[in-house]
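Just below sit the structures, each encoded as C-alpha cells.
Presented sequentially are two complexes of subunit A, the first with subunit B as partner and the second with subunit C.
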Partner chain A sequence: MVNSKQGWKAWLYLAPAIVLLLIFTVWPIINTVRMAFLDNYSGLRAAGGEKFAYIGFGNFAKVIEYRGFISCLKNTVLLCVWTVPISTILALLIAVALNSIKVLKKALQTIFFLPYVTNSIAIGMVFAAMFNIVGSFYGTENELIVTAGIINNVIEFFGGEHVNWINSGSSYEANMFVMIVYIVWNALPFKILVLLGGLQSINKQYYDAAKVDSAPRRRIFMRITVPLLSPMLAYVIITGFIGGFKEYTSIVGIFGEKMGPPDDAGRLNTMVGFIYDALSANNQGRASAAALILFGIILVVTMINMHVSKKRVHY
Partner chain B sequence: MKIVLKDLTKIFPSRNKKAGEEVVAVSNFNITIPDGKLIGLLGPSGCGKSTTLYMISGLQKPTSGRIFFGENDVTELSTEKRGIGLVFQNYALYPHMTVKQNIMFPLDNLTGKDKMTKIQKLKRAYETAKLVQIEDLMDRKPSELSGGQQQRVAIARALVKMPRVLLLDEPLSNLDARLRLQTREEIRRIQKATGITTLFVTHDQDEAMSISDMIVVMKQGVVQQVGKPQDVYDNPANLFVAKFLGIPPINVFEGEVRGEKLYIGNDCVMDVKGVSDCAVTVGIRPEGFIPSENGGLACNISNIEVMGRDVSIVSTHAASLNPVIRSIVNSDLNISEEKTSIRYQLKPNKVFLFDKAIQERIPFEVK
Partner chain C sequence: MMKETLNVMHARDMQRQKKLGRIGKVLVEIFNYLFLIAMALIVLFPFYWMIISSLKSLAEYRMSKPTFWPREIMLSNYMDAFTTASLGRLFINTMIVGIVSTLLSLVITILTAFAFARLEFKGKNMLFAGLLATMMIPGELFTITNYSTVTQFGWINTYTVLIVPFLVSVFYIYLLRQNFLQIPNELYLAAKVDGTKDIKYLWKVMVPLALPTLISITILKMMGAWNSYIWPRLVANDEAHRMITNGLRNAFTETSGDVNYPVQMAAVALVSAPLFLVFIFLRKYIMSGVSRSGIKG
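On to the complex of A and B.
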C-alpha cells in the first residue's frame, strides 16, 4: 500500500507512462469518436479553417450505405469464420503430435515456428507466386496461358485441371480459398506455440490414470486433453477472432494494394482496408465511423466468446 | 486373483550416456501373492517398491522377468487390458470432472459385452461411492474436496470397474496423522468387503504392519523378507529388516560370542546355544529389556520419558552402535528418577544376532 502522503511520488513515477498513453492512446480514441460524429470530417479541410457540423449517426449510415462496405464486411466475417476454427483445430492436432514424438521434435518445432518470424507481406508474395498462372512468358500466340505456379504444376502432375487462383478472370471462391490457406498457415505458429506450452504443463499422471481406466486414445483426447487445454484454446480462439477481424496485410501480401485480382480491384477488401481507403480519400469522418463499427463487432464477438468459454473452460 | 512375479527386474539406463551407470531399481523379484489378500510393499524411498507396483500395473515395462495374473502371463499386456485399479500417490483425479464423472469414467470405457447403459453406470457409481462413503459429494469438483475425500474418490474410481487387482501407491502419504489412521482402517475395511487382491506401497512400517496380511520388505531393489507382519517383526532375516521395523527402532550393539555366551562389551548378557565363537552385531527390541538387580547388561541412564502406560528409559552403553538405547518397560516398575545406572536382563526372543560382515541373522536356541 502506498501511504497517502507518499501518493504524489507514486504519481510522479507513473507520469511518463501516463503522459504517453494520454497523448498516443487515449486522445486518439476520444478524437476518433468525435470525428465519427462530424459531418464528412476531413483533417485537411479542418486545417484550412473549415468547420464541420455534428450530424449524429449520419457518418455511420453513410458507411453502411457506402459502395463496397457490405462486401468488405462479408469478406472479413467469412475469413474469420473459416480461418479461426481451421487453424485452431490444425494447431491443436499438430501440437498434440509434436508433444508425443521424441525424435526430431526440436527441429519440427523450429520449422513450425518459422512463419511467425517472417514478414507476412514477403510470404504473401511467395504464396502469390505459388498460386500464380504466368502465361505470356511460356505460351505461344495460340496458347497464351501456361501454368507456372507450383500449386498448379502439382495439380497438373496428378492429372487435374489447373485453376486460375488469383489472376485476371479468377473466381471469388478461388481467391477466398487462397486467402484462407495463407491466413491459416500464417496463424498456425503462434497457436501451436501456445497449445504446446499448455500440453507440456498437463500432468502426465492424468494420462497414466486414463490408461489404467482403459480409455481409448480418442476419448483421452476429447475428455482429458481438450478440457485440460481449454484455457489455452479459449485464448487462441479469442485472440484469433480479434486478429481475424483486423485482417488486412495478408491480402495486400497476395493481391497487392488493389485488394483483389487485377480485373476486379477491391473484391477482397476487408474492414481495415475500408478504413484505410476512407483515410486515403481524406474522409476521417467516414474512417472513424467504420473503425467504431469494427470495434463494436469485435467487442460483441469477444463477449460471446467469453460467455461461451465461461461454460466450457475448466480453469 | 493370484499374482505371481517371476525374476522381475527393472534396470533404468543411465541418463548420462558416457558415464554409462545403470540403475537397478528392482532385482530378481520373486513372489506369489495369494488371492484376496492385502499386501504391503515396504521399504525406504528409492528401494524400488513403486517401480514394482508400476510394473504390475503395466505402466512400466520390466527389463526381464514375467508377471502372472492367475495363470495368465500378462507381462506383454498393456495397462488398458490388465483390468487393474490404481490409486496414484497424488490421486490424479481429473480436475475438470465432477466426482461422479471421475468415478464413471472407467465405466464409459467398457466395450463389448461389458458395455453399460447410463443408468447401470450411475447405479454402479453410487454403489461404489457408498462403499467409500462419498455419496454426498458426487457433484463436487476434486478441488472442492479435502485430501481424505479426494483419496476416497481415487479409491472409488479404481474400484468401480471391479478390477482383478487393486494397486495403491503411497495412498496415505498426503493425509494428516489422524486421517491417516482412519483411512488405513478404511482401506482394510474396503479390501475385506470387496475381496480384491490389493497391493499397496508405503515407506511407513507402522502403516504396513497394521493392515497387511503380508508384508514385503525391500532394500535397493532386492527383497529382504516376505511374511506376515508379526512373523517378520519377531524373526527378521537380517539387520536391515530388524532396523526397519519397529517403533522405537531396535537397539544395536557390538557383541561377541564366546563359549556359547553372548558378551556385549565386557558384560556377559545371556546364553546363546548353538552359536560358534565369533564377533556379532546384536539387535535388542526396546521391549526386550527387563530391569533387574542381577541382570547382565549394565547401562548408564541419561533420561526417563514417561509415556503413560509405559516408561521409556533412555540410557547409554559403550558398545551401543546407536547414540542412545531405548528400552520400554511397564510404568508399574517405578524406576526411580535419581538412578544413574541400571542393569537389564534380556528376553531371549527379543534378542537377535547378526553376522558382522554380511548382516544375516544367526539363529540360536531359545529355551
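On to the complex of A and C.
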C-alpha cells in the first residue's frame, strides 16, 4: 500500500526525530572516528584555525601509553569480573527463593527492587558514611567523639579489627571491596526482576515430571531451572558486563570526583572517567580514541558472551 | 498372604517417603524465608542508616558505640540540609528539565513510533535497524562531540542543553512501536474508511491504548533527569541551572574524614524521597518498564 502521498507524510512524522538524531547521534559517530585519527586533536585549538595531521592509529597507541590508562582499564575489568558473577548468582538464589514462597512474596519483591529507584550518587554517599572513620582515635577518655563507621562497629562486635576502608592510607583492596559491595547492591534489583519474570514463565509441567521421578532438589535446580532460565541469565550477564564497563558514577558517589581516597586521587578511576578527564583537558583526540577502545571492548565482550550463550542457552 | 504383606510394606514405605518429603519441604521453606529475610535486611540497611543518621545530633552520630535509634530527633538537620545545598533551587531546575524534556520526548516518540508501526515508506526497515544499532554504542562516544556541538550552538549553561540532546531515545521508540504493532490494523483501516485523519486516529485510539507504555516512558525519563550527573556537570554547572545530583555532590564534596554526616544524610534523604514516592504509587509501571530496558534512567 505504498503510495507517494503516504511516504511523504511518514517523513513528516519522522522529521523531528531524524533531525535530532542527525545532530546528536549520527554526526558524533562520524566525528568521533575522525578525531580519533587526528594527531592530538583539540576542539579549542581547532577553533583557533590549527590543522591536525592524520596519524592513523597513533592516538590509540598514545592512549594505551598514557599514564593512568592501564590502571583505569584494570579497575574497570576487575569491577566487572567481581560484580557480575556475584550479583548474578545472588540474584538467581533470591529469585528462586522468592518464586517458591507465597506469604510475604509481594512485600519482599518490593523491598528487593528498592535499590533500583535510587540515585547512585546519593546512596553512594550513604555507603561512604557506613564505611567512613570519623575523627581521629585520640579522643579523651570520658568523651569518645569518634566513630569507626557502622561497618567497622559490626566487625568489632564480632571480635574483629576495624579496617580502614576509604580514608587516607586505605589499601587498594579495601577500596575495591567497598566498590564491589556497593555495585552488587545496586545491580541486584534489575537482575532479580528479570530472573523472577523468567522463573514465573517456566512451565510447571517440568517440575511435576521431576516430582514423579522424585529427583533431588539440587538436580531439579541444575537440570531444569538453570537451563530453562538461561536466556534470562544470558541477558542479565550481558547487560551486566555492558553496565560494568561503563562504571563511573557509583565511584563518584563513594569517593567523590577525586576517584580515590584523599591521599591517592585517581586510584579508582575507570575507562569512562579516563574519557571525561581527556575531555576536560580539551584533548578530544585522546577522548575519542579512548571511547572507541571502550566501544571495542564492549563489543568483543558482548560477542564472546553471545557466542558462549549460543552454545549453552536453551531457547 | 504374601501379596498383602507386600502391600502393607509398600504403603508404609510410601508414607515414610511422603513424611520425609513433607519435612524436607518445610525445612526448605524455613531456609528460604531465613535467606530472603536476611538478604532483605541487608538491602534495606543503607536506607535505615540514612534515615536514623539524618535524625541524630552530630555528637550522637560520632559516638564510638553506635545508637540504632536517635536519642533526640533532630529535624533541624533537614532545614540545615535544605539551606546548605540550596535544594530548593536544585529541585526547581530538575523539575523544569524533567517535565519539559519528558513532554517533548513523548511527542517525538509517539510520532516516530507511529510512522514505524503504521505508515509505509521506502527504507523503513533499514532505517529502523539502523536506529536499533545505535543502541549498542556507549553514550560517552556521543558526549565528546555533543559537548563541542552545544558549545558552538552557545547552549552552555542553559536549560536547552540539558533537554534537547536527549529528546530522542531509540529505546522508547522501540518500546512504543512494539506496543502500537499489537493494536489490530483493522482499527486503523476502519478509521481510514471513515475518513479519519491519521493524527486524530493516533491521538484518539493509539495513544489511549498504549497508555501503560507511555506512563512507563514518562517515569523512566523523569528518573533519568533526577539521576543525570555526567552531562549536566559538563555543560550546565552554574547556580541557575544546576541539577539535583550535581548540587548534592557539590555541596558535600568530602566523602571521607571528618564530615557532618547527619546534615549530609538529611540532604541525601530529601533527594531520594521523591523517587521513593513515585515508586510507591507507580510500582507496576516502573517494574514493567525496567524489565524491558536494562538501563537506568
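The rule we apply is simple: the second predicted complex is superposed on the first by the 289 of 315 C-alpha atoms of A that agree within 3 Å, B and C clash if a C-alpha of one lies under 4 Å from a C-alpha of the other, contacts with A are read in each partner's own complex, and residues count from 1 in each chain.
The rule we apply is simple: a contact is a pair of C-beta atoms (placed from the backbone, for glycine too) under 8 Å apart; a residue touches a chain by one contact, two chains touch by 3 or more.
Just so you know, these numbers come straight off a predicted model, no measurement behind them.
In the superposed model, A:Ala281 makes contact with neither subunit B nor subunit C. Once the two complexes are laid over each other on the shared chain, residue contacts for A:Val81 go to neither subunit B nor subunit C. In the superposed pair of complexes, A:Asn203 makes contact with subunit B only, with no contact to subunit C. In the superposition on chain A, A:Ile89 contacts neither subunit B nor subunit C. Contact comparison for subunit A: of subunit B and subunit C, C touches the greater number of residues.
Of the two partner chains, subunit B is the only one touched by A:Ile224; subunit C is not. Of the two partner chains placed by the overlay, only subunit C lies in contact with A:Leu114; subunit B stays clear of it. Overlap of the subunit B and subunit C contact sets on subunit A: residues 214.
Interface residues of subunit B facing subunit A in the complex, by the touch rule stated above, are 57-59, 78-81, 84-86, 88, 90, 92, 94-97, 105-106, 108-110, 157-158, 161.
By the touch criterion given at the top, residues 17, 24, 28-29, 32-33, 35-37, 39-40, 42-44, 46-47, 49-50, 53, 59, 61-66, 107-108, 111-112, 114-115, 119-122, 124, 131, 134, 136-149, 151, 164-168, 173, 198, 223, 226-227, 229-230, 234, 244-245, 248-249, 252-259, 261, 264-265, 268, 271-272, 275-276, 278-279, 283, 286-287, 290-291, 294-296 of subunit C touch subunit A in their complex. Listed in rising order, the residues of subunit A touching subunit C in the complex are 1-2, 6-7, 9-11, 13-14, 16-17, 20-21, 23-25, 27-29, 31-32, 35, 43, 90, 93-94, 97-98, 100-101, 104, 108, 110-123, 125-130, 132-135, 139, 144-148, 150, 153, 166-168, 185, 188, 190, 193-194, 197, 214, 217, 235-236, 239, 242-243, 245-246, 248-249, 252, 254-257, 261-262, 272, 275-276, 279, 284, 287-288, 291-292, 294-295, 298-299, 302. By the touch rule above, subunit A contacts subunit B in their complex via residues 203, 205-206, 208-216, 219, 223-224, 227-228, 230, 314.
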